[in-house]
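Below are two complexes that have subunit A in common, paired first with subunit B and then with subunit C.
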Partner chain A sequence: MMTSMLQVLQFVALIAAFVALLELYLHVHFAHHDERWFLPASVTVVAGLAALLGRSLVLGVSAAIVEAAVALFFIHVVRGRHSLPFMLLAPGLLGLGLLIVYPLCFEVYLAFTDLKLTTILQWSRTGTLPFVGFKQFVKVFTSSPLSEVTFWRLVLRTVGWTVVNVGLHVAGGFVLALLLNRDIRGRGIYRTFLVIPWAMPQVVAVLALRGEFHSQFGFVNVMLARLGLAPVEWLTLHPFLTCTLINVWLGIPFMMVIILGGLQSISRHYYDAAAIDGASAFQQLRHITLPLLKPVLAPAVTLGCVWTFNNINVIYLVTGQAGGTEDADILVSALYKAAFTYYRYSYSAAFAIVISLILLGASLLWMRFSKGTESVYG
Partner chain B sequence: MRRALLLFLLPSLCSCARPKEDASLSKRIVVWEQEDAAVVPYLDAVFRAFEKLPGSEGVTIERTHYHMEDLKQQFLTASIAGNPPDLLMTPSDTAGVYSVAGFIRPVDGLFDLSRYNKPVVEAIQMNGKTWGVPISNGNHLMLFYNKRLSPKAPQDTDEWFSMCAAAVKRHKLEHCMALFLGEPFWLMPWVGAYGGWPLEGRTPALDTQPMRDSMRWLLDLVYEKKLAPRECDYNCVDALFKEEKVAFIINGDWAISTYQDKFKSGLGVAKIPKLSSTGRWPTPMVSGKYFMLSSKLQGEKLRLIQRLVEFYTNEENQVRQVKSLMRLPALSSAAESEAVKTDPILRESMAQVLVGKPMPMATEMRAVWDAIRPLLARVIIRTATPEEAAAKMQRDAVEKIREMDE
Partner chain C sequence: MGRRLRDWATHLALWTACLICVYPLLRIIAVSLRPGDRIISTDLSLIPAGATAASYASVLGGTHFLLWLWNSLVVTCTTAFIGVCLASTAGYAFSRFKFPGSRLGLTLLLGTQMIPAAMLLLPLFLMIMKLGLTNTYLGVIIAYSVSSLPFSIWILKGYYDTIPRSLEEAALVDGTSRFGAFWRVVLPLSTPALAIAFLFNFTQAWNEYLVARVVLTDALRYTWTLGLFELQGQYLTQWGMFAAASLMVTVPVLLVFLYSSKWLISGLTLGGVKG
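Moving on, here comes the complex of A and B:
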């Protein structure tokens, strides 16, 4: 316990040291960019440190080139201006660079090379991988990580999964939000209960509900039996439907919270004015509520689409332990199998890039056609 | 400003400072395992005992637990990053992957492998090299029965069915036995009983009569004889047995201690009954738990690890392991001990091992498992016939192996 705490503290201290070094580096560049000695001194110090710490002349020369470019940028472009914003943003930007930009660049590198089980050894020894051009991307479109489902069927299934889930999330969330937006007794209690599926860890929620879909002992079939209906083998015969039902249950609370927030921000005056003009409840919903909810709903739907499209948790937890059926697999769960069952890392990297591009294109189209980023009050 | 910056920077930089150390001389041993929680106290006790041995001054053993699949992913990731643990404690089936990737080292020449049971050593050999040191023997399926519901074990499947009929009638059971039908590992004993095996050398052998017959056998159990529930995963079959809703379960030796705690003397263990139609014993896959050594190990650190592994698998600790965990020892001399010979459960477990077959550790086996799994599920729900499924399994396995190698 004590050792773990010390390790955490050491890690925090390391991060602090790193941030302090970065701030010192920026401070020197802001404070001394106009001194004559600045350029040669900064290049010499950075190159010397890099060569010394990395024990490599090549590293020293590379660091000198990079530092010369940075120093020139500070001398001719920044010229000591905006020092506070730069210094405040620097740690965050560096963190993003390390955690997002670097892995992304590495993924692109992997997609154009050939890393798999049989080339790992070569890679770990030489640090190089054979360049294969677009071969991995061709494989993505012409083969499938699954045995029984083609890539294009997977795409269609994933689109269907996303549309049905997000559609039901929005519809369910909207109905519940409308109900909770009224003056009813115990509204806070209802809201708390309704948010529980979203608030609890997804793994727990999915596994709990998966048990309820068991053909013999699950709550769902027990209820069906009470109604005189035959039991359904949900997990075996209808895994995709089961995953969808579970994911709908999990996703509605998020949409409900978002829509409720949007509803509560709409001024009552609009409804009062509409009522005076004789607008029906449906007309108020159509001409006031829905347009004014758009700025809230459009980003929420975009986020919901991205999350649902990439939702491996529900598929994996529901089907991964039920006989390994492929009947519920979507693109990301198939990608997981390619990467971690068959160790086809480069193929998986290309697959992931294709999925990202599909999502990017769909999101841009949606934002454009829904005009969700435009103001409704302007 | 500068002073403030320096005041902040200096203590932080001090935290980066660490004494210069030679990795091979380090006395910190990192072990990753995937054992059940019930096994952990035993592991820790042996590790602590090693730390106190003369010559182990300053040695610390850090044990980290992962689930099976996580252990594999984490070890691959850590090895790629160049910072793997020193030792793994894991079954043999992943050794093929690790050895092909070059992440573990062969142990030939480092240990006297002739001291261990021959089959358990053979189960970890590939391409003429041995990739791990056995800790225990088994990891195999066998028959467990609840003596209250069925007082004795069947010798063959015909006897099993008649015992089942009696138990179901007498105790008003819905089902007689719990079988994890969706998992190919549970199918393998029957494939063997029909005279087949899923991998011949490194080539899948799935579109075969034994494979078709074994799937038909499961269908018969579920639909004709109605002895086993159709939709039941591992947790489900385990729960059915523990809750005394079935008389028999086929499960692995890892469950012995749990079932013993639950049923005490009411637990019966036996070989999976002989298949009456062929007269052959079912052949569960047999492997064991192994120490696998990171390929990064060398020098003093390697010698320290050798000492630890030898200590962990010495006769005294192997017998202790038998008593504490009810696992068959890997060391030949410990297998001859009274603790094994006099315990009826271990005796039956050993008898099951003797009719089992070593689990293939070739990387191709991964493709074979994944080719069987979805099609076996389709056969069980009768959306594919055993003939269609076997043919497709073969095609899929060959295709997946081709893709892995491509």
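Moving on, here comes the complex of A and C:
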């Protein structure tokens, strides 16, 4: 335990040192780009360091070429402008580049090769993989990512999952927010209790609720038995319904809080004026509340859709154990299982790219659609 | 006449909703208090007959629960620290400067939130494996460290936007550098936002399960989420221990959330609206 703590501390120190070095490098490039010694000095230092650290002449030469290009860029294009914002951004950008951009590029490479459990040894020894073209992409559409469920079934189920969940989140959140927005006693206490599903650690909530759907000892079936009804095999026969129920329970509070914030920002005067004109409660809801809520609701629904589409947690925690069912899987949870239960790495990379293209297409459509409605409401 | 009836109906509806929200938590408490021979039963009472704290004792003494908590704490604190450091300067750059790519950069940051977690995890896992960092704190820390960065940058940018520029200008007149104005004036004023960003990073990493599942396979390295999954098992055999452990994790998280929710929500809306 102590050694791993030391490792962590070393790591943090290493990052700090690296950031310092990066900032020094940038500072020199921003501040001294017009000095006469700048180009030769920077190329020499970088090439020398690369050759020394890498112990190879080739590396030194290529570093010299890259550094010459960078230095010329700083001399002729950047010319010392915007130095502070870029120096402030550099560490974060580098982190994002190393841990998001590079992995995504690697994923694309992976999708065109063949990495699976049988070729992983070769990869870790030689670092190269056979190129297989679009084979993995063809497999995404023709073979099952798990053992039975097909790609198209997963697409359909994902659409259903997203629509049903977000719909119920918004509907439930809207009703609760309307109730909480009324002038009654104890609103703060109600609100506190109502956000508990959101505040609980999701792993605890999902695992506990999964226990409650246990066929014999879970609350749901015990309750059904007391009412004289037959027990339901929730986890084995209706896993999708179970996951949906759990996820609806989890997601309503977030929407409720967002919508409540929106409701509270609507001035009373609108309703007073409408009441004087004789508008019914429904008309007030339709013509005052909903249009004025739209700026709050639209981003929340967009965010909710993306989160729900990408939600692995609930489905994996409910069905993820060995021998788990495939009847609740959506695209992303199937992707997770294909990669880390079935170890089909290259296939999963292609699958991931297809999924993200679907998500991208859907969000472009959604943006056009919401632009369209915007112009209608003007 | 209608008014009182309406109020009663409202209270009734809210009471029902609260009960649905709180009941699973009450059930966890009930199960955690059950005595050893009646842990698996169809009993629904909230305080079971013969209630004991035996499950708590056995989860603390008989499992690695404390070690798992410690593992989580190390990973989470390091992650949140790195995340806030990186976000604090980046957010400032986006808030105060117009530079080529500043608008595009902010949009791309939001775009990263659309990337499915499983999609990023696969190449990250392979990188971690190749570096020999599976089953180490570092592997998880690396995987976590930038995942909340885009959102933290947005929160902090939104907060910096609300700090009047005249404060920095005054500092500049007094002779500090541009960076000095950020470091000595803006950063101290932003403590609440930094705290929220830290808390956000912290809770994200603290409650994370899927990455840890892949990177950590040794039970001595587990974070508490993995340990809890193990405890629940498939057939509820350790239901009492699971419930006790759940409750011990949940209570502090709940308190922190309830305490900070006002801040967190204002941070959410600030970041969202000010775009």
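FYI, the second predicted complex is superposed on the first by the 358 of 378 C-alpha atoms of A that agree within 3 Å, B and C clash if a C-alpha of one lies under 4 Å from a C-alpha of the other, contacts with A are read in each partner's own complex, and residues count from 1 in each chain.
In the analysis below, contacts are C-beta pairs under 8 Å (C-beta built on N, C-alpha and C of every residue); 3 or more make two chains touch, one makes a residue touch a chain.
What you see is a predicted model; the values in this text were computed from it and never measured.
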Fit or clash - subunit C, subunit B, common subunit A: clash
Subunit B versus subunit C as contact partner of A:T308, first or second or both or neither: neither
Partner chain(s) touched by A:F340 [first = subunit B, second = subunit C, both, neither]: both
Of subunit B and subunit C, the chain that contacts the larger number of subunit A residues: C
Partner chain(s) touched by A:S147 [first = subunit B, second = subunit C, both, neither]: first
Partner chain in contact with A:S124 - subunit B first, subunit C second, else both or neither: both
Which of subunit B and subunit C A:H214 touches, first, second, both or neither: both
Which superposed partner A:E233 touches (first subunit B, second subunit C, both, neither): first
First (subunit B), second (subunit C), both or neither touched by A:E326: first
Contacts of A:Q202 with subunit B and subunit C, given as first, second, both or neither: second
Touching partner for A:A17 - first (subunit B), second (subunit C), both, neither: first
Superposed model, subunit C segment overlapping subunit B, candidates 1-9, 73-81 or 217-225: 217-225
Subunit A residues contacted in one complex by subunit B, in the other by subunit C: 124, 214, 216-217, 321, 340
Sites on subunit A touched by subunit C in the complex: 1, 4-5, 7-8, 11-12, 15, 82, 84-86, 88-89, 91-93, 95-96, 99-100, 102-104, 106-107, 110, 115, 124, 176, 179-180, 182, 184, 186, 190, 192-205, 207-212, 214, 216-217, 219, 222-223, 225, 249, 253, 257-258, 261, 299, 306, 309-310, 312-313, 316-317, 321, 332-333, 335-336, 339-340, 345, 348-349, 352-353, 355-356, 359-360, 363
Contact footprint of subunit A on subunit B as seen in their complex: 1-2, 5, 8-9, 11-13, 15-16, 69, 73, 76, 79-80, 82, 97, 100-103, 181-183, 229-236, 363, 366-367, 370-371, 373-377, 380-381, 392, 396, 399-400, 403-405
Partner subunit A, residues of subunit C touching it in the complex: 6-7, 10-11, 13-14, 17-18, 20-25, 27-28, 31, 40-42, 44, 67, 70, 74, 78, 81-82, 85-87, 89-90, 92-94, 96-97, 99-100, 102, 105, 112-127, 129-130, 136-138, 141-143, 145-146, 149-150, 153, 178-179, 182, 206-207, 209-210, 213-214, 225, 228-229, 232, 234, 236, 239, 242-243, 246, 249-250, 253-254, 257-258, 261, 265, 268-269, 272
For the subunit A and subunit B complex, residues of the former touching the latter: 10, 13-14, 16-17, 20-21, 23-24, 27, 116-118, 120-121, 123-125, 143, 147-148, 214-217, 233, 235-237, 321-326, 337, 340-344
